[in-house]
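Two complexes are shown next, each including subunit A; its partner changes from subunit B in the first to subunit C in the second.
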Partner chain A sequence: MKKLIFILILFVPVLVLAGQNNCLTCHQDFEDDDGPSHIFSRDVHSQKGIGCVDCHGGDASLEDMDEVREVRGYRGVPSHREVPDFCARCHSDATYMRNHNPALATDQLDKYKTSVHGERLYRNNDKKVANCISCHSVHEMGNGKMPHSSTHPFNIPYTCGKCHSNPEYMAEYGIATDQLHNFEQSVHGKALLEKRDAGAPACNDCHSNHGAAPPGTENLAAVCGTCHALEAELFVKSPHNDAFNEKNFPMCETCHSNHLVVKPSDAMIGDKPPSVCIRCHSDNDGTKGLETAKAFRGMIDMVVAGREEAHIALREAITKGMMTTDEELRLKEVDQALIQTRTQVHSFNMEDMSPHAVLGKALTDTVKANSAGLIDEYYFRRKGLGLASLFITLMAIGLYIKIRRLP
Partner chain B sequence: MAKKDSSRRDFISWFLGGGTLATLGAIAYPAMRFINPPESGEANVSQLKLPFGRPEIQAEPSNGKTFKFGRDLGIIVLTEAGDLRAFAATCTHLDCTVQHRPDLGILWCSCHNGRYDLDGGNISGPPPRPLEKYVVNEVGDDIFIKKEEV
Partner chain C sequence: MSASNSGKDESLISKGYDWIDSRFKIDALVEYMSHKVVPLHSHSIFYYLGGITLFLFLIQVASGILLLMYYRPGADSAYESVRFIISEVEFGWLVRAIHSWSANLMVFGAFIHMFTVFFTKAYRAPRELTWFSGIGLLALCMTFGFSGYLLPWNELAFFATRVGTGMAGAVPVIGEQLLIVMRGGEGVTGATIGRFFGLHVAILPAAFTVLLTIHLAAVQRQGMSEPVDWVNKPESEKKYMKFFPHFIYRDALVWLIVLNILALLAVIFPDGIGVVHWPLGEKADLFGVPPAVIRPEWYFMFAFQALKMLPAHVWFLEGELFGIIAFSVGGLLWAMVPFLDRKSVKGKEPKLVMAFGVFVVIFILAMTIVGYLVE
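Right, the complex of A and B next:
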C-alpha cells in the first residue's frame, strides 16, 4: 500500500504536466494581454480543439523552448510569404478538412494565387500585400457567421478598408483609396451597414474573396448580374451592349458608378441634366438616343404621378375608415409594374417598356377611381346618417304627439 | 276642424307605421348582408376558393397566377409534374412579387435574382427566409387555398 502511494505521488504530477499546454503557460507569462496566447481562446481553431502545435509544430509538453525547436516538424512562425502555404497545409487538404469542417472549400490557396494579392506576393515578393492573416486576423480568427469576425459580411468593408483606405499604405500601388468611403454612401453600403441587410453585397461579392481582383470590364454583366439578373440580361441584348464594348465602356459602371452606386433615380433618364444619357447622346448624334430617353422618362413619370395620385386617394379612403384591401393590393401591383417599367429601361426599347408602363397607369387609374368611389360612399353614408337622424327625430316627435292624444 | 284633426292623426299614424317598417328594414338589411358573402374577401382570411381554376393557370405563359389572399398576394403554380402549389407571392428580401420560372423550375424574384425552389425554400440570392407555403386542395374544378397550421 505504501508502495502504491509512493508511485502515485511520483507519477501524478508527471501525468498532469504531460497533459499541460506549456506553449500557453510560457507565452502568457511574457506576452501582453492582447498577445496571441491570451486571445487564442476566442479563435475558431481553438474552439474546434486545434492547438498551437497543430500549426506551429513542436511539442506542447516540453518546457524548454530550445528543446521545442529541436522537435521534428517544428515550424515556428512563418514569414509573410510562407503564410498561405502554412494555412494551406490543412485548408487545402480535403481529407483533413472533411474531418474538421466538411462544409468549407479547400481551394482557397489556388484562388489566392490567381488574385492580385497572390500574384504580387509570389511574383514580386511584396511584403505589404495581403495574405491570409491580413484579412482573417491571426490567433482570434472567426468565420463569416461570427459577428466579431473580420470576415463577417458587416465587417468585410472595414477589413478590406484597413489597407485600401490608407493612402499612405497604398501610395506605391497607384490605386484610389476612396472605395470604402464611396461604398458607405452607396445603396449597397447603406443596405449592408445601416439596414444590416446580410443579403446586400460586401466587397467580396463583386471582387471575390480569396481570388480578389477587380472584375474585368467585359465581365460586369456577370458580376452585377449575380443579383441584377434581369437588368443585365436586358442590357446584353440591347443595342447599347455593342456600343459600350466598342468604346470600351464598362457596362453597368458607366451609368451607375462602381463603389458609389447610389440608389437609381428617375432623374438619371431623360434629355436634361442630371440624366446620364446626355453624357454620350446629343440631339445631333445621329441616333434616337435622346428621343428614346425622353420618351422613357415620360412613361416613368406618368406611372409615378399616377401612383402618387392613387396613393393620396387611397390614403383618404383609409382615413375615412373604408375597406380598402383590394385597392391596397392593387397599389402593390402598381409598385410591381413601376419596378418592371424602370427595369425595362435597360432594354432601351420602347416596345419592351411601354406595356409595363401602360399596365401601371391603368392600375393607378383603377385605384384612383375605386378610391374615389369609396370616398363617395363614405359621404353617401354620412348623408344617410344625417337623414336617418332627422327621420328618427321626427319619429320621436310623432310618437310624442300620438301618446299625448291617447285617451 | 274635426276633419283637420282626423287628417293629422292619420298622418302621424301612417308616419309611425312607416317608420316602424323602415326600422325593421334597417335591422333586417345588415343581417341579410351578413348572411350573403361579400364580393371582396375579408381582411384576414386563412382559406379561400380561388376565383379561377386549373385551365386559367395553364393558360398563363408562366404556368403561374397571382391571387389575393386576405391582405396578401399569393401565387399558385403548376409544376412540370402537374401539381398545383401555392405560396405567398411577396419576396422575403425587399417585398417584390415573385414569379414562376418553369424554364428554371423555380420561383424567381426579378428585383435581385432571389430564387426559391418549388417548396418555397430560399435557395440562392438575397432572400433571408423561405416563402410561406399554402395548402392547395382541388375539389372538382375548384381550387381551395389554406394557410398551413403552425
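Right, the complex of A and C next:
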C-alpha cells in the first residue's frame, strides 16, 4: 500500500506537466499583450476546447521549440496562400464539424474558390486578396452572433470596408472604394447601422460571404428579390425586363442604385424631375412610358391625398372623444392598399396597379365619410345634451318655485 | 264644463284610492307619512346624501338592465359585445357612460354619506341597525364595482382583476380556496367572467335589495337622527320640516341636479376622465404583457397602496397578511362604532372615536393621493 502511494506521488509532477500548455507558457513570455497567446482565450475555438496544436500541430507538453518542430504533424504558421486549406482541414470535414458545431456549413472552401477573392488567390497568388483570417481575424475569432465579432451583422460593413474603402490598397484593382460610404447613407445602411436592425442586409446578404462576387446584371433581380420578392417577380414579368436585358441595364440598380439605395419615394415616379422614369423615357421615344409614369404617379398621389384627408377627419373625431376603432383599422387597410399600389409600380402595367389604387381611394372615402358621421354624431350628442339639460333645469326651477311657495 | 270634468277626475281618483284602501288599508300609512318630520339644523343638508346614493342606485339598475340586453359574458364574447354596445347600439355609448359614471358617483356618495353619519354620530342608539345595514350596502357597492370592472374583458380590467383577486390569496387559512372560488380556477379566465357576471347581475342586486329595504325601513320607522346637542335642547327651540311634501320636494330637486350633472359627465366624458377612466382599449390577452401601471379603481386605491407600501415582513407575519389583518380589524372597529361610542347617546363628545374617524379619513386620502402620484 505504501509503495503504491509512493509511486503515485512520484507521478503527480509528470501528470501536472502533461496537462500544461507550454505553447502559451513560452509565447506569453515574448509576445505583446495583444499577441495571439494573450488574446486566444477570447477566441471561439478556445471556448470550444480547441487549442494551439489542433491547428498548428506539434506537442503542447514539450518545452523545447526545436523538439516541437520535429513532432510529426507540426504545421507551424501557414502562408497567406495556405490559410484557406489550413482552416478547411476542419471546416470542410463534415464528420469533424458535426462534433463541434453541427449547424455550421462545411462548404466554405468550395465557395471561396468561386469568389473573386479565391480566384485571385489561387490563380495569381495575390497576397493582398482576402483569405479567411482577413475577415474573421485570427486568434480572437468570434462567430456571427457575437457582438465583438468581425462577422457580426453590425460589423460586417466595416470588415469589408477595411480593404474596400481604402483607395490606396484597392488602387491596383481599379474598382470604386465608396461602397461603405454609400452604404452608410442608404436605407439598408441606416437600418443596420443606425437603427441596429439585425435583419437589415449587410454586404454579405447581397454579395454572399465566402463566395463573394459582384452580382451580374442578369441576376440582380434574384439578389434583390431574396427580400423584395414581389417587386422582383413583378419586374421579371414586366415589359421592362426584356428592355433592360437588351440594353444590359442592371435591373433594380438602374432606378434604385446599388450601395446607395435610398428610401424610395413617390417622387421617383412621374414625368417630371426628380423622377427616374425621365432618365430613359421622353415624349418622343415612341413608347407610352412617360404617359404611364404620369398615370402611375396620379394614382399614387390620389391615394396619398385621400389618406391625408381621411387622417385629418379621423383625428378630429378622435379628438372629440368618439369611438373610432373601426375607422382606425380601415385606415390601416388604406396603408396596406397604398403599399400594394406602390409595389405594383414594378409591374409597369396600369391594369395591375389601378385596382389597388381604386381600393385605397374607396377606403379613404369611407373613412372620411364615417369620420364626418362621427363628428356629426358628436354635435348631435351635444345638442341632445343641451336640450336634455335645459329640460331638467326647467323642471328643477319649477320644483324650486313650488318649494318656495310651500307654507 | 271643465269644473265638471275636474270633478269627474277627482271622483275617479278618489274611487281608485278607496278601492286600494279597502284592500290594503293604506290610510294608516298616509296618516303616518303626514306626521313625519325632518329636523332642521345647520347639518340638515347631509340628510340628502342617502337619497342621492339611492337615486344613483336606481339609475344603475335601469342602465344595467339596458346593458344586459346586449352584453354577452364569456372570454370570446364579453369584449366584443361591449364594443358592439358602444359603437353600434343606438345610444349604447350613453347607457354605458351613465352606468359607469353613476357607479362611481354612487360609491362616492355612499362614502360621503357614511362619513357624515359618522361625524354627526347619527349611528348612535337606537340606529345601530341603520348603521350596520349602511356599512353592508357600501361593501356591496364596492363589490359591485369590483365585479363590474372585469366584465368588459379588456386589458386593464384583466390585469387589475388578477392583482385584486390575487390579494385574496393572502387571506389566512382559506386564501388559496377563496382565490380559486373567486376566479373559477387558478387564473383569471373566461370562467372568472361567468362568476363575476353572476355576482354582478344576480347575487349582489338580490343582497343589495334586502339590505336596502332594511336600511330604508329603519330610516322611515325611526326618522332622521337629530343632532347630539338636541338631547338637552328645549322642544320649543327645535325646528322641523314636514317629510311630505317639504323634504320630498327638496329631495326631488337634488335628484334633478344630480341627474343633470350625470348627463353632462356622461356626454362630455363618455370614457371618464382623470383617475375615473374606463376606455375599452384592447381586448384582454391571457398571455399578454401587463401594462406598465396597473391601478385598481379609485375607491380601492388606498388599500392597494397601503398593502404595496408594507415591507415583506412585519414581525413574524408576511407584509400582505399583516395588511389584510390590519384592514379587517380596522373595518371591524369602524363597523362596531355604535357600541364603542358610549358618550354621544348622553349628548357628550366621543373624542377618541372622532379622532379615529379623522385618522381614517386622513389615511384614506393620503394613501389614495400617494397611490396616484407614485408610478
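Just so we're on the same page, the second predicted complex is superposed on the first by the 395 of 407 C-alpha atoms of A that agree within 3 Å, B and C clash if a C-alpha of one lies under 4 Å from a C-alpha of the other, contacts with A are read in each partner's own complex, and residues count from 1 in each chain.
Note that in this section a residue touches a chain if its C-beta (ideal position, glycine included) is under 8 Å from a C-beta of that chain, and two chains touch if they have at least 3 such contacts.
Since this is a predicted model, take the numbers as computed values, not measurements.
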item	value
When subunit B and subunit C are modelled together on subunit A, clash or fit	clash
Partner chain(s) touched by A:Leu399 [first = subunit B, second = subunit C, both, neither]	both
Which of subunit B and subunit C A:Ile339 touches, first, second, both or neither	first
Touched partner set for A:Leu385, first subunit B, second subunit C, both or neither	second
First (subunit B), second (subunit C), both or neither touched by A:Ala200	first
Touching partner for A:Thr325 - first (subunit B), second (subunit C), both, neither	both
Subunit B versus subunit C as contact partner of A:Ala229, first or second or both or neither	first
Subunit C versus subunit B, contacts on subunit A by residue	B
Colliding region between subunit B and subunit C, picked from 61-69, 187-195, 295-303 or 331-339 after the shared-chain fit	61-69
Subunit A residues contacted in one complex by subunit B, in the other by subunit C	323, 325-326, 388, 395, 399, 402
Subunit B-touching residues of subunit A, taken from the complex the two chains share	197-200, 225-230, 323, 325-326, 328-329, 332-333, 336, 339-340, 343, 388, 391, 394-395, 398-399, 401-402, 405
Residues of subunit A touching subunit C in the complex	321, 323, 325-326, 381-382, 384-385, 388-389, 392-393, 395-396, 399-400, 402-403, 406
Contact footprint of subunit A on subunit B as seen in their complex	9, 12-13, 15-16, 19, 22, 26, 40-41, 43, 68, 70-71, 73, 93, 96-97, 110-113, 125-128
In the complex with subunit A, residue positions of subunit C that touch it	83, 86-87, 93-94, 245-246, 249-250, 252-253, 256-257, 259-260, 263-264, 267-271
